[in-house]
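As written, the chains take the letters A, B, C, D and E, and residue 1 is the first residue of each chain.
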Amino acid sequence: SSGGTTTASAPPSASASGGLEKTKLKIATLPAIDSAALYVAIDQKLFEQEGLEVTPQVVQAAPEAIPMLLNGEIDAMFGNYVSMFAAHDKQALKLRILAEGSRAAPDSLSIMALPGSPIKTAKDLEGKTINVNVLHNFQELALTQVLKANNVDPGTIKYVPVTFQNIMSSWKGGQIDAAYLGEPMVTAATSAMGARKILDPASGPAAEFPISGYVSTQEWYDKNPKVSAAFQRAIHNAAKLMENNREVVAKVLPTFTQIDAATAATVTFPFFSSNDNPVRLQRVADWMLEAKWLMKAIDVKSLMSPTTSG
Amino acid sequence: MSAQSLAPVRPATSATRWSRRAAGALAFASLIELLSRTGLVDPEILPPATEIVGRAITLMSDPLFHAHALTSLLAWAIGLGLATVLAVPLGLLLGSVPIIDAATRSVVEFLRPIPSVALIPLVALVIGTGLQLRVTLVVYASLWPILYNTMYGLRGVDPVAKETLRSYGFGRLSVLLRVSLPSSAPFITTGFRLAAGVALILTVSTEIVAGRGEGIGVFIFFAGIAVPARMTDILAGVFWVGLFGVLVNALLVAGERRAFRWHHARLGEQG
Amino acid sequence: MLEIDNLSHVYGGGSPNAHHAIEGLNLSVAEGELLCIVGPSGCGKSTLLRSIAGLITPTGGQVRVEGELVRQTPDNLAVVFQDYSRSLFPWMSVADNVALPLRRKSMDKRQRREAAQEALDSVGLSGAGRKYPFQLSGGMQQRVAIARALAYRPTLMLMDEPFGSVDAQTREDLEDLVLKVRGHHQMTIVLITHDIDESVYVGDRVVVLSKAPAHVVGDLKVSLPGPRDQITTREHPDFVHLRAEVGRLVRGHATV
Amino acid sequence: MKTSARITTRDATRAATGTPGKHRPAPVRRRRGRLRAAAFRWLVLVVLVAVWEAATRVAGSTFFPPPSTIVTRMHAMWFSGPPGRLFLTDLAVDNILPSLGRMAAGFAGGALAGVALGLALGLSSRTYDYLDGVLQFLRAIPPPALVTVFLVVFGFGLRMQLAFIMFSIVWPVLLNTADGARSVEPLHLQTCQVFRLSRAERLIRVVLPSALPKMFAGLRLALSLSLIVMVFAELLPGTTNGIGFQLTDAYSTFDLPAMWAAIVLLGVLGYLLNEVFLIVERRVLAWHHAATQTAG
Amino acid sequence: MLEIDNLSHVYGGGSPNAHHAIEGLNLSVAEGELLCIVGPSGCGKSTLLRSIAGLITPTGGQVRVEGELVRQTPDNLAVVFQDYSRSLFPWMSVADNVALPLRRKSMDKRQRREAAQEALDSVGLSGAGRKYPFQLSGGMQQRVAIARALAYRPTLMLMDEPFGSVDAQTREDLEDLVLKVRGHHQMTIVLITHDIDESVYVGDRVVVLSKAPAHVVGDLKVSLPGPRDQITTREHPDFVHLRAEVGRLVRGHATV
């Protein structure tokens, strides 16, 4: 039930595979809703149409997939931009963004407080302890901007790293004052614990904040330009398909996440990008530079591929 | 009675000993049941023991779980085997040639405290992330107990016994293999028992932290990221791991008793 | 066969509690000779024996066996240690203990087993081969150690109080056994004992050591007529005389 | 019998004034040997570091920075502080010290528990029977699987970290101590029994010393294990400082020289702790080393 | 003081290589008596001693010390083990080894130290207190074990070949020491020896055991006149006669 290794089994049609440098791809993904586009593309045979046979490899966190990318075990990976830009900046890898993945949708992320908590408004968060998945990641980056916009001093927030599995127990145990949750936990916390939403970290300046994308190394991209284009098309087409069609997403979620069908029907999805937009992605890099997480500026456009899908 | 007051009290029969073990296990299970049922610990985090065991039993007929278990077992066995094959000769060498011990000590002691979490990305980069990653980390961690117990075991060998063989003209190697090794063998196997546990922990932990595909650790990881976490599944997985540990230990102890009859009989233990 | 030249040994040299065990000891043993060494407790007899066996490097002087300087254990040498119980290997059966050194000889498994059994028979332990050392009494363990040395057929045999833990009758039998084996196989034997009668009875020569640091204070040739015999030899006037002589020498250097 | 005292004093004076002569007395030889071993050891170390430097420079991988880079980074991060604070920077004070504290407390607790439990198991077959199954079960459990349970029972922070460290390092000490206590020379125990030594005396004066050599093997394993587990403990929810925290934080931001700095620091700490441990061991087990050395 | 009633002991009972060490042995020792036990090697003497000390539970019969059935080690008992080198604690200095049992007596540290030193003096090891057992020769270790038992001042002392590893002179001194201590402190002593002369010289009574399974084949009262003395006693016609008598009994049951 837990492997999530759905393999596109149909062989690529002879016509579609014409000219591709390779047809079998291994892509690292995360067991989270954000990776859904890839699974929808597989499920809806969009890769097959491009002549690609994609095997997802679920990893537990994005940094873990980077060695695999570097030693050629995988062709590309799904990773969050903050990590990827940091890796690029530190020259751990030469990054190439193949396709954008997910952006934060309203209510897909949430700062929440328990019913009895004195925290009522964004201002009350000052000086409080909030969990993040790991320090220095996109959660912090986005929240900082949103807090600033709400006249809260982001410097007073104390972030503690809490792994996903342990958020609920440390929250209930009072070890964190407010919880920084993503889906499906937002839905679960609201319904099961009556938690209140204090702030949406993906609002105001951080609205539609780009979270993750599909990346490979520059070297791989140079060797496989046609595959890259085909891959991007499939992902974008999947995103388009998903835009107004919850069902295609809900159908694949239980196959690679631990979200059951019932929850899948109710959770808030992020936005899945059906085109690549260097401008909104540049924001992430700029904020990282502002936070001194980067040593020098990154020109995001130079890392992106031209959009070939319509 | 105490094992050491030797004679006067008759030693317990094996039936009493097993029933005592069962009583101990039962008490432990009851404690968990109690903690959970009374709500002293959130039952969502620590489900009652009966529930855990019940889930563990249903898992037994789940082919997916079998695949997880087999994968872990394989990594464990290969890792432990390699560690033994490496550590015993190395321990013999370091324990019997002081100059080599002194020369390599700085390197060995430097390497030893490096945690496997730090090594995971580096090892993954160099040798890849499949079974080889788990096995490497298992070897790296379970090497030490065997190595150190071998080295310390050698030191405890009766010098008169060693001199005896030397006086018959046997060389250093013969003395090492014929006297030092057998006489420290009981302690080396204690090291092996330790290593078997360490290897098990490392296998599953590596799977939890960086596992892909199959493995009990992967099973536990995925149960953990569900919302809410499936604690019963996690603990049922833990239950099987623990039970496997108990089983392996019992087998090793029985093997030791058989192989080192001279040791236990001399110490006046029942066996 | 064996020459010891100005031998000295200091334990823990340099430290304040250094101990001079042997000082300036000279001794030579001819091929085929059976030399008995007697001397007060703690004088350095075992130390001397270990130097001959190459188990310790003496701090001064030289030991030569068959003309060669002893640096390592000489070939074809057997030692019966004073601490016999610790010199048996607890993980091996008695028969295996006896057979083990025979691996150095070109013997196959069956031959080794037979030789071991024969040696055990000769010390009166025919039935004990399958037992483990801890299942034997003190005297039996001592006899296993003797059997092990005998089975090895060394050219030089060093025995450190080999008959200390056996009863009078067995002791006499073992003395005769040693004499017999020596005759058959041309061994040179150095035997440490506290029993003055024994030293005169089995020895071709008796050397008396002083108290620590040990050196030779008496060296007596034992020339008793004919093959030795527990009753007649011990009654022979030369025996009685030699015994008294050795006794006097030892008593002149006792510790208590 | 009355002469003995005189004799021994004479022996002692002779030993003290005695001329070793042309042969070198043993301790000098031993001291030389130790010096040579130390020199050899440093040589090996220098050569290895040189090889490492060369190899990493040739490979040029960001993931494997050369040791010179690592050392520079270590200096900048931790050891460029004011002399008044032993050159420690704020970062060092905030991370290295808490880590060492955790490790020390965890090690002490775990070692103590291991020795106590190990002796109990080694001495009493009844205790052994009752606890054996449960302990073997616990020993096989991978701590990461229990983080959530630990979190609920112990809460965030230090208490949980200590529990985590202790739970992990107790096993080598426990098993080795139990093994040592169970294999005491039977004649020693019989001697105790004959002279009717009390349980406590028997434990402290006979069982403990005989188990010590094996116990030390366990403690030595536990010591470096406590460093390793300290790093794991600093990955636990709620941790915001420590060497382990810095290490993982460095990796998640791909600051590889910083990650290597933490690795090297751990290695150096492990090495130093081990040296201290060996000094203690040499003192405590002096009798053992001397008595089991082949004479000469 | 000590009554042994129909004692039997089987090692490894039930198994095919079970060994009958003692069978139907009866013996009683009066208060203050010094009983010597002789018998062939491996007959069961040490087994008997261990049964008296409560170290093994005999498979049959009873042992009573001062009227009480021995289940555990009786109070105020000391044993000198045959395997003396293994019975010393290697991690303690010689003085500490001797002083250790005195913790059971109400003595402070200084008193214990003095008592230990006195006992060491009496066995001729005045200077060895600070040394460790492995630094001593075999005979010296044996004397440490004797000193430990003597310092303890037991009411019942069991000695298993206590003088086997010391030279003739020291042995005689130690024999006299035991006789003297026995007289002063009203000890009951059971002493196992292989030296027939010794058994007659120190014993009030000599018991001869058969070969395994051991039972009593001879029980001789030794009535020699006056305080014993190494020279005159040994020349006394009764001594010579008794010695021959014991010798005959032992020889009738030898092993080789």
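Going forward, a residue touches a chain if its C-beta (ideal position, glycine included) is under 8 Å from a C-beta of that chain, and two chains touch if they have at least 3 such contacts.
Molecules present, by chain and UniProt name: B, D = ABC transporter permease; C, E = ABC transporter ATP-binding protein.
Remember, predicted model here, so these are calculated numbers, not experimental data.
S.K.: Enter the minimum step count from subunit B (ABC transporter permease) to subunit D (ABC transporter permease); a value of 1 means the two chains touch.
M.R.: Shortest path length, in steps: 1.
S.K.: Average the CA atoms of each chain to get its centre, and name the chain whose centre is farthest from that of subunit E.
M.R.: Taking each chain's C-alpha mean as its centre, the farthest from subunit E is A.
S.K.: Roughly how far is subunit B (ABC transporter permease) from subunit E, centre to centre by C-alpha average, rounded to an integer in Å?
M.R.: Here the centre of subunit E sits 47 Å away from the centre of subunit B (ABC transporter permease).
S.K.: So the centre of each chain is just the mean of its C-alpha atoms; given that, what is the distance between subunit D (ABC transporter permease) and subunit E in Å?
M.R.: 46
S.K.: Where the centres are mean C-alpha positions, what is the separation of subunit A from subunit B (ABC transporter permease), in Å?
M.R.: Here the centre of subunit B (ABC transporter permease) sits 39 Å away from the centre of subunit A.
S.K.: Two-or-more-chain contact residues of subunit B (ABC transporter permease), please, as numbers and ranges.
M.R.: Subunit B (ABC transporter permease), residues with two or more chain partners: 5-6, 42, 45, 121-122, 125, 158, 163, 166, 209, 224, 229, 263, 266.
S.K.: Can you list the subunit A residues in contact with two or more other chains?
M.R.: Residue numbers touching two or more other chains: 63, 66-67, 70, 165, 169.
S.K.: Two-or-more-chain contact residues of subunit D (ABC transporter permease), please, as numbers and ranges.
M.R.: 1, 4, 11-12, 63, 148, 152, 190, 193, 248, 251, 288, 291, 294-295
S.K.: Which residues of subunit D (ABC transporter permease) touch subunit A in their complex?
M.R.: Contact set of subunit D (ABC transporter permease) toward subunit A: 62-63, 147-148, 151-152, 155-157, 237-240, 248-249, 251-256.
S.K.: In their complex, what parts of subunit E are in touch with subunit D (ABC transporter permease)?
M.R.: These residues of subunit E touch subunit D (ABC transporter permease): 50, 53-55, 72-73, 75, 77-79, 81, 83, 86-87, 89-92, 100-101, 103-104, 121-122, 124-128, 132-134, 152, 173, 177.
S.K.: Which subunit E residues qualify as touching subunit C in the complex?
M.R.: Subunit E residues touching subunit C: 11-12, 17, 19, 38-46, 82-83, 85-86, 123-124, 130-131, 135-140, 143, 160-161, 164-171, 173-174, 194-196, 247, 250-251, 254-256.
S.K.: Could you list, by residue number, the parts of subunit B (ABC transporter permease) that touch subunit D (ABC transporter permease) in their complex?
M.R.: Counting only subunit B (ABC transporter permease), the residues touching subunit D (ABC transporter permease) are 1-6, 11-12, 16-17, 20-25, 27-28, 41-42, 45-46, 98-99, 102-107, 109-118, 121-122, 125, 144-145, 148-149, 151-153, 155-159, 162-163, 166, 186-187, 190-191, 193-194, 197, 200-202, 204-205, 208-209, 217, 220, 224, 229, 231, 234-235, 237-238, 241-246, 248-250, 263, 266-269.
S.K.: If we count contacts the way the header does, which residues on subunit A are in touch with subunit D (ABC transporter permease) in the complex?
M.R.: 63, 66-67, 70, 83, 86-87, 89-93, 131, 134-137, 158-163, 165-166, 169-170, 173, 175, 293
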